[in-house]
């Protein structure tokens, strides 16, 4: 049973774009194993274009030569992932990550490499050929590498099965499939084929769909076919994007449950965009980072760190290691906003064990102000603010003074009244 | 503090349309006091056109002479409400309802009677005149009686204040204001004026807005200005309408909280449409009525009985007096669907006191089938089905055999594991 | 056979709004008879609210007492139209206009006076009552006087027949019916009833529908039911409105033909808005007025003068009495634009008698520029510019230097080549 | 000066799809030279995929190997066009067509062959490479061969210039560019680049854009950049498509003028779909074919014969050689419908020389009926029906009895009244 709670991990996109290398992955995995694993962090995910030998930043070069095997399956570029030499693929790197007690993930694009179709390569373990599986009209709007598949044909299932079998052999635990989550209705069947290939590959692999926004009207299809799916376009360290997430979180919150999690995307904290500028760090203030972590935890979104973690400062590390905050991911359920306006929001989340609930008060305005809420059943409870660790006296309602863009987060527990 | 839990009561629309009389109201109030009050039922509401002397069914006669006072305020038609004679208004009837330990409500249309404007009547306790308060372009699409008001002018506030003061004098506890809840954006200010008049009239009056569907995008405005608002057009005893409610309930469930309740409309049970056919009864099957009651309780909708209650049969009465089911309205919170498809739905609702939760499994298909759910934290709990009262053994997930259109409803409690 | 060429006349709206009086009408009729009749001008039209005793400008007073007869038919306010006293209606004024060799027109709103319905008046020469003909939900968005009719009922046809019979008795030659031309689809049947009442009233009455924009998709319905219909909202002396007319003219030009004319609305020239400010004159430059007159003539729009004509200056009079320009209305057909951009437009119109064609070149930009066109069959023709009267040498194409917002207008004739 | 009247010719699509061969082209050119040239027919056009060696019918094979030169420019498949051997391209075939006194045309898709980009070929006579000109995201929705170009880069202009120079060398007189006419707004710049390449290639080449419907809102852009453009999706021998053309013709008729012609697409007459079934002939009745020819001529659409002309029967030949009907293309202007309903339509077109006009009456209904029109200036004219050649007596209006789907077409001439 996978993804019984929201997956937590690191992904290379925010810090290295399409240009991540084996050394970077190992360094971040080691950091995670040492500093973050005790708090629940476990996935180490290599993002897009690990098969492109000449990638240098967040952009893509059209018509370039991609590394692939004789069956049109992409393989790691050996100049970037030396352990993949001699056809080893990601197995050595996955083994290393596993040796640290962590899990290993990769990014894929839906479809197959365009050259596999133009070169008429065979599909592995099948009587089929790539040129019959590929759909020449199905191309991604932002990446030039792939053709989507003709999902009404058995050739398409054969191809997707062939790649997931390979990933299972490598020891992959997590696949982030891109160019698909918002591509309804035309990719509906493609999502099903990928889901079936993932479930039948012989290994437990979390299936994550990108990019968003996935359509809310397809919530049940997404819940049935994926473990997580993006509810937004790429999220970056821009306050407008963070403020905008409250509306999306409100719409999706009721669909979070074991096995299927609406995904608010990366946590752009710490050192980011390293391939463009090694000195770049998140543009979010500490207040905004608290707001982000609180909202992601209250809505039980998966958490994926975007930082080059070796450059974490004490604040960044503290943000990622507040055990009582991270507990919300595992101990709460049925969260929802009490209200959201352009100025403020309040969210509530009962604990599954019945011992009280969590209440978050967000100041979405640009000035310090009082944010209030009157939870229904708080009478006589003990209250603690989780970012500061301080006890709070509760009488009737909560009226908190909150700085601009910041958040206060309370744990209400029944202790004192029982 | 009013409407701290969803209002429960009876409304004359489903059984008598525009033609209800004082005798009918008294009879139903007496029934409620005797049979339903112990279960939380309390409001007795007189629906539309109590000021129309010649109303006979569910339709409206244009350009008819309405009963009103010298300030353009509608008053009960004395031929239908004899106790209103000599300018007594609804006070005698309200007093009688109060004497039974119940509360009294009325229906109004937004705006003022057209004739009040054409006759240039004064607005009570003000220097203003009706023809300056009325907006000649603001008419209801389905009822010919009223003009909406020019809400940018002080004349409009003066008129609304004048009618709510009258209702307070009569002893009204509940006002259902019609032709307004779905009339965004042009009635946004009119909603605010009515809300202000209601709050400042000197008496606690529940404000209910009709008809639906109110727009979801206005949830915060509705929560700030009304105690309940319709989320659908008129609901009647038609399975398609009931099935369609699941989608609306899903969208609105997170907005239910003390003081403001999304309203799924009347409960069309028992004897209905009495002015058209005294033998008519609900077209819902018992299974469908269980489904309706369960969904309304799980989403914490207000409950308004549509029946001529004097003709309740044992099944109807049992439906309205299942204490453990009605408890959900008061004891649960944070309810939401686990899933909803064209075939089935599951809803979950934690208890505010932390002692477990409620789980409802709905068969929305036309054949008996197994409906399943795997609630997150049910391990080791005691389980009881509330419509049958039977204990259920829970192991891993719940897999219930449910007849077509029917529902099973479980109370999970922690008793056995503590 | 009426309206075999586009109607030409004067209308009181632009200069007197809802407040025109008998003296004004007589004065302008006399002016027309003396100065304009030889050039084809003939209709004298009294615009809106001639039945409102207290109208003073371009705005409307809600819930005011309108002058009407015992059958709910509006009659001229005697304080404004003294000759209407003693139930004479508009007959004396129409007789006077006829005595000048001109034709007489009035404005009406679709529907009936609201008070006629509320007072339950009988419909003339019928067994019906007004309250059954009126539709309480059908009100105009910008005028408070009327209810539209329930056009599915015989009461509605009876009412419309009753008013057109009255207009025929008065000697009315032209009816401008308002609140209807853009009210598709809900007023489709109302247009048909009014058209039928007009055709069967016993007198030739031109039927004009307002306000626009009428929907292009209803062109055939309009052609079948009206003699002219507005293709724009109210047109005033604002360059943006004039520039915008080119797009509408292009869409509608193919629908102009004997008996049915797309109407570009009033000519706001000379002294305007006299009830607001007696010194006010058109804001159009002379160049813009030439552009307007040229476009209206090329597209064969009806021409309705908006000025208080007694205050015409020489330029205004010259604009309205250029016989060769006005000839286009009667002598051309099949006009259409050769092109229209944001900067310029060219229109062409063959002559019906085969003797060449007209070409107009419009500078729609804000600077003087060369505007060009190469008409298909101009070889060897004689060319004359009609606003200046000068002959022009044509070789290959036309390349005219045109001031900002101005127009040159050529008559090509075959004379020289035959 | 090209396309001063609407181009007339033959195109291989309707009869041979993607599979036309040199022998077929020569045979049809010879037929045209012998039988049709005297009536104005002159263009012989080779349609899509002349560069695909294995094309056999109207469908496309993805990822197939296309014939191209070392600069990524498609060349005729030698197995289908033997005279193209040894790099001769279409020059020998064009020379042959020219030797018959006719003109030669080809079809192209916008963009470049996908393989030219993936193989990194150079762009002829330039420092650029194909992979930098191609846009990997710009693919056709219905054909798998090409990538659109990155029209903001000089590489794109260089590539388009390189292919038009080649076509000029071959002696091409007409280029039908596909996947572009309805691709606004994203292909706006691509249309301009192709237009510029065409005009600057050193040879007069008619530029035709497909497929439709091109957007009416872009009429001026189309007129400025192309000689003809499709106003519909592919037109075939189906009455519903023919009936639907009346609405499109009405919208576009004012935009027909020398140099730029709205194009109603192929004339599917005679022997069609020969590669699928050699016995197949048009499904249009003779009446429908008269209706089509009449409408195309009245609106001055280009005329492109779809038949395998060697199989023309006498009726087909007569349809294509009625000189008086075809004269309309060259002698009329300013055509437009008088009216169009679901049942009938009338079109009028003055003659440029002033000698009367044409009037067409179409029965669009499924039963014989009388179709009428009253043209404005027909008094005293001589009238002849052009499909039968019979003189007609005209009195007041025209009231013609027309069989279902058929047409009568009159020439009104001034002869008799002068």
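Observations, loosely collected:
Going by the order they are written in, the chains are A, B, C and D; count residues from 1 in each one.
One rule holds for everything that comes next: a contact is a pair of C-beta atoms (placed from the backbone, for glycine too) under 8 Å apart; a residue touches a chain by one contact, two chains touch by 3 or more.
Given the structure is predicted, the values throughout are model-derived calculations rather than measurements.
With respect to subunit D, maximal separation of chain centres occurs for B (centres as means of Cα atoms).
Chain centres here are Cα averages; for subunit C and subunit D they lie 43 Å apart. In whole angstrom, the spacing between the mean C-alpha positions of subunit A and subunit C is 65.
Chain geometry summary: the mean Cα position of subunit B and that of subunit C are 53 Å apart. Residue positions of subunit A touching 2 or more other chains: none.
Chain contacts here close into one cycle, and each chain has exactly two touching partners. Applying the touch definition to every pair of chains gives A-B, A-D, B-C, C-D. Every residue of subunit D that touches subunit A in the complex is listed here, in rising order: 62-63, 114-115, 117-118, 120, 131, 134-137, 139-142, 144. Residues 220, 223, 250, 253-254, 257-258, 333-341, 348-356, 374, 376-377, 414 of subunit B are the ones touching subunit A in the complex.
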